[in-house]
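Chain lettering (A, B, C, D, E and F) follows the sequence in which the chains are written, and residue indices restart at 1 in each chain.
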Amino acid sequence: MDAVANIKRQFIHELAAAGKRADGRGMLEYRDIKIVPNYLKKADGSAFVELGDTKVIVGVKYDVGTPFPDIPNEGVMTTSAELAPMASPDFESGPPGEDAIELARVVDRGIRESHAIDTAKLCIKPGELVRIVFVDIQILDQDGNLIDACGIAAITALLTAKMRVYDSEGNPTDTVEPLPVRKIPVPCTFAKIAGSLMTDPQVDEESVLDSRLTVTTDDEGYIVAMQKGEYGSFKLEEIMEAVKISKSEGARIREIIKAAVNESD
Amino acid sequence: MERCDGRKKDELRSIHMEVGVLKRADGSAYVEWGANKVFASVYGPREVIPRFLARNDRAVLRCKYNMTPFSVEDRKRPGPDRRSIEIGKVTAGALAPSVLLEKFPNSMIEVAIEIMQADAGTRCAGITAATLALVDAGIPMRDLVPACAAGKVDGEVVLDLCKEEDNSGQADLPIAMMPRTNAVTLLQMDGEMTEEEVEEAIALAQTGCRQVYEMQKAALVSKYGGGDE
Amino acid sequence: MDAVANIKRQFIHELAAAGKRADGRGMLEYRDIKIVPNYLKKADGSAFVELGDTKVIVGVKYDVGTPFPDIPNEGVMTTSAELAPMASPDFESGPPGEDAIELARVVDRGIRESHAIDTAKLCIKPGELVRIVFVDIQILDQDGNLIDACGIAAITALLTAKMRVYDSEGNPTDTVEPLPVRKIPVPCTFAKIAGSLMTDPQVDEESVLDSRLTVTTDDEGYIVAMQKGEYGSFKLEEIMEAVKISKSEGARIREIIKAAVNESD
Amino acid sequence: MERCDGRKKDELRSIHMEVGVLKRADGSAYVEWGANKVFASVYGPREVIPRFLARNDRAVLRCKYNMTPFSVEDRKRPGPDRRSIEIGKVTAGALAPSVLLEKFPNSMIEVAIEIMQADAGTRCAGITAATLALVDAGIPMRDLVPACAAGKVDGEVVLDLCKEEDNSGQADLPIAMMPRTNAVTLLQMDGEMTEEEVEEAIALAQTGCRQVYEMQKAALVSKYGGGDE
Amino acid sequence: MDAVANIKRQFIHELAAAGKRADGRGMLEYRDIKIVPNYLKKADGSAFVELGDTKVIVGVKYDVGTPFPDIPNEGVMTTSAELAPMASPDFESGPPGEDAIELARVVDRGIRESHAIDTAKLCIKPGELVRIVFVDIQILDQDGNLIDACGIAAITALLTAKMRVYDSEGNPTDTVEPLPVRKIPVPCTFAKIAGSLMTDPQVDEESVLDSRLTVTTDDEGYIVAMQKGEYGSFKLEEIMEAVKISKSEGARIREIIKAAVNESD
Amino acid sequence: MERCDGRKKDELRSIHMEVGVLKRADGSAYVEWGANKVFASVYGPREVIPRFLARNDRAVLRCKYNMTPFSVEDRKRPGPDRRSIEIGKVTAGALAPSVLLEKFPNSMIEVAIEIMQADAGTRCAGITAATLALVDAGIPMRDLVPACAAGKVDGEVVLDLCKEEDNSGQADLPIAMMPRTNAVTLLQMDGEMTEEEVEEAIALAQTGCRQVYEMQKAALVSKYGGGDE
């Protein structure tokens, strides 16, 4: 097994050094993205996303509760991820480990820092009643690049989410309206292998990468979140190259999300 | 009698099955059963961790049943609750009689069932899907294990309760079986039934199982091509 | 140890195939049932039950709290069991495992589904204040058939339980009254060994059984709960035979419970 | 001085002991001490799990003290709390000096104490019962370990506080000892006492321990017949 | 390692039998005590304490909450300790184990039983609003005798703690006042090695001691808490000798605490 | 632009470092950075527990970041939260490129960072302190790893945000680096910046890191005497 792992490692590194990948993709080429918005009907919002063979489902539910004392006029969003044993032979049962926590927090940060949700509109009665939005990430098949797949699924699920309108007394009415989403943050993740940058790493590439970098951009091209992962390092130029690519790839993927959501309406 | 969704008393909800839907798992299946959406995966036979659980005369079968937080009306906290743990346990009991565990001593077979959407009958849908995932993983089995519930609604014994019926009904009785030998491998019941109603319900649930059995075979054929199964 | 276990297994299987049991009981013969109702005075209700050498204690306590929003006029019951290390060399410290959870849930289901407790009478002030009844199961000595021993102890403890009367304002008065129990559900558990059905399995029988079946019946002969356990299977005829026996044995045990409770009053 | 239950200042509550009350445990005992009802069990010497806790020069002694949810006025949540964990630890310290742990290297002796009903003094009742259970399990001991508390109520040092006295009193001081050598193996105290009162309380608690000691011996004799113990 | 441990054990035991210690101290001689009160400014009270090479920090924070129903006019104190992996190669991550729990409870008991905090003055609005005082113990370097080091740090931190004054409506004012501390309980811990009593055991002595005894005394010489620890035993005379020494050593250490707190004001 | 504490846009807060502050740890350091007070310790290389985490080609590096309950405005519950766990993970990623892990196969190096007082920038202070503790423990390293953040406040890119700026600012971007090779080993960012601002911020943070680097070297010299580091 160690021997096999070493051969795989060497093979992928040699390919990467030559600017090639095992599945024939270009270094900056994403796998196919397939989005099914509104995949579920018991959730308030949902999306099924396939990124190549990686499959994830995000469900959005909201509840009603009291606001934090320091932001009495704002609702709250919280993001959780579970690396369920179904998705990979390497995942185990139990409370979220550090990988699941990092995944959830990087996805969360993109949504939060881009102010994608108008949290003021989640307020029902200032200081008393606000909506609490739960974004729950479920991994079905881990074939690499969970951050991007889950980031895409999370914002798509939010875009499809509906919420009940409350009257001025704080009582629910019969009307529902869309969750107030005003931005589409998109994470782009890079692997650095043998000194070469590539986007959308497949799981075998992930297992041998030196370093990982995620850059999340918003609709106006702002960078809203970054996260270097794993045990390697990046030069400033590599980071800036990744930032540039993230802006263009983010824009491209944003259109795919929009198209999928529009089609489903 | 009129059922809320117009079904006849011995009619199943619409069921859709797909085998081999995941890449990483050794075996997998997806079952849509009415409004239930259920994935099942199988890993193994593989090394037993932790070691002290290993058995030198057979494989250990572990079944995990999980509802996603967004699968039900009110968001469920992530992680196992008492209901999930019990269902995992009876699911193992439902599948074990059919799996040739004795072929794989000192190893472990892990079944995971994830409920994406729940609408009554998730444990039956889960067992049905898990059976397909076991076959997809190449685990040798004595028989397929279909599962189906019967129950009592408005005083009458009917097949395959949906959520609305489950809430208003007087009893629910899910079973799983190995149709070749008529062996019932899952049996639970809660509610209130006479001895006669219990007998009627089990018999009815068995007819449901037989229909599910045919669908399981069809799903496997459509994945693996014809054959004499 | 494995060799010893195999010899025990073979011995019990051969006996069972011949319709016999190691302790000389008939296949459908229960061990002696000894019930001490009101065993404790700090609990609101309690029972000490011996089923042969199996010993369990159930204590009932109630607290006062807010009702669930969907059943504002009803109190709540919750059942817990701990397989404490005291009771068996095989039990371990820690939060309840799947065996303890199944035990508690099967006992709970019998009480719940027979509507043994009139939960409407647990309501103190609709929508505001209800009684929450805790049924706690403690195993002292696991010599087999915990489900039946605990089911008997739980309903006995409930039958002995007293609760304080509250006035219309929701304030406690000096009066106490019995907990409103109107049914006596009784679980009967069967082991199937070498194709033979037997009731009330002793712990050595449990360790080699193929399959287990519990049928809980109420005072009117209704079946209110069933649970197949472990790795074997049952034919329809076997199930129906068990159902029939459960009705008669349940009736017999119900009289023992009633006699014990009456005697203790 | 008048004590709330009419006892004299150096009088124990009524105590009842029984040895060998459980079948599965290697040793067991039941102690009723006033309104306290306490079971103790012993398993071992047996294999140490997990292995890394094993000691190659002696047995590991583990003591678990648990209050059942229904043992106290307000229902206690199941599972260990900080108080239970501390009592388990000092109970091990109270029993260990007497147990010949060095006879059983690489093994484990497990003591479990379950409080069915609590009315002040459960740790002393638990240690007293655990000692009987150790003997019942055939574990060799240097001496029996009786335990008993003294305390200060209405400014006076008295023996064996009941719940009411514990609540209104100024101090509580539980000890355990090995009477043959006068060695104090448990000593805790909380409240407010002068040096002289502490000395008086320990001496009084020791007289209590000696009475408990006699009862322990009587309980063992009634179980195992006479003898020169 | 076992051999080394045995040699260390024998060495320390032989010294102790001869009334000597490895670091040259007298049997009843404490290591140097260094106290930095008010070590932190985000905490409401704090102290950094060095006892020889043992280093601990205690931080005090208070929060506002509802009182316990049975003591509606009193605030609450709670003490926690973490044996963080930083402090010793023997400490592990995770929830507090039995050693951390015993440490926190012995320190807590000294403060609680001496009525050091005037909990009635922690009440803001009877039955509605009281202060909850959290005493958090953090071990930096475990070189022995954590109980005494933490006991000294805890009471010093409380003595430096400030709390906001609330008006009669329960609203915070701009004024702060000292936390109402009226006693200085001091724990003195003894090790018994080879039949000899010594105070302030260093970590190597702790690792080979037979038995441990802590006696906590207050300003008036009352004994307010005692705790025998570990697997040995004490004679009555040894206990009374320890009690006597605790009174004088406690008085000495109390003056060190007072001097440090006064200096820092 | 006027910064709230009067600093210039490229000016660090006052920083104080001390090496070897703890006796028991194999290596330790203390860093005071503005109002942040941070201790770091290192244990190892030592045996890997649990064993199955061991790697036969290198040492395992574990980093634990913890905030004490009293380090922040509102008391924090003891124990790890999600933020702490993430910071521990990225801290390991920041240090690992510099540590010669391959020299110690089948062993474990454990870094613990304890935040006694927090005022924005604790993860950078922690990485800076942990580096010193690693050197103090004698762990061979390719380079020291200083860390420092830049951010955007009132629309301008500034160095080393304090708490007040962090709360009111538009972005925060902490980095760690190995100055000899300009390799960035930690990079996180949250907020809103243009591509140009990101570049400016990283460059500015790198100048901060270089200043911290000099202080680290000075602290080591003052501990271990001069030398050619």
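By our rule, a contact is a pair of C-beta atoms (placed from the backbone, for glycine too) under 8 Å apart; a residue touches a chain by one contact, two chains touch by 3 or more.
Given the structure is predicted, the values throughout are model-derived calculations rather than measurements.
Of all chains in the assembly, those touching chain A and also chain E are F.
Superposition on CA atoms relates chain B and chain F by a rotation of 120 degrees, given as a multiple of 5. Annotation: 48 Å between the Cα-based centres of chain C and chain E. Averaging Cα coordinates per chain places chain D and chain F 51 Å apart. Work out the mean CA point of chain B and of chain C, and you get 27 Å between them. Computed centre separation for the pair chain C/chain D is 32 angstrom, with centres defined by C-alpha atoms. Each of the following residues of chain C touches two or more other chains: 96. Order of chains round the ring, from chain D towards chain E, by the touch criterion defined above: D, E, F, A, B, C. Here chain E touches chain D in the complex through residues 2, 96, 98, 101-102, 104-105, 109, 112-114, 213, 218, 221-236, 239-240, 243-244, 247, going by the rule given at the top. The touching residues of chain D, counted against chain E in their complex, run 56, 82-83, 85-86, 88-90, 92-93, 96-97, 173, 177-178, 181-195, 198-199, 202-203, 206.
Residue ranges of chain B in contact with chain A, taken from their complex: 22-25, 28, 35, 37, 39, 41, 43, 46, 64, 66, 68-75, 78-79, 110, 112, 114, 116-119.
By the touch criterion stated above, chain E contacts chain F in their complex at residues 40-43, 46, 53, 55, 57, 59-61, 63, 80, 82, 84-89, 93, 95-96, 134, 136, 138, 140-143, 203.
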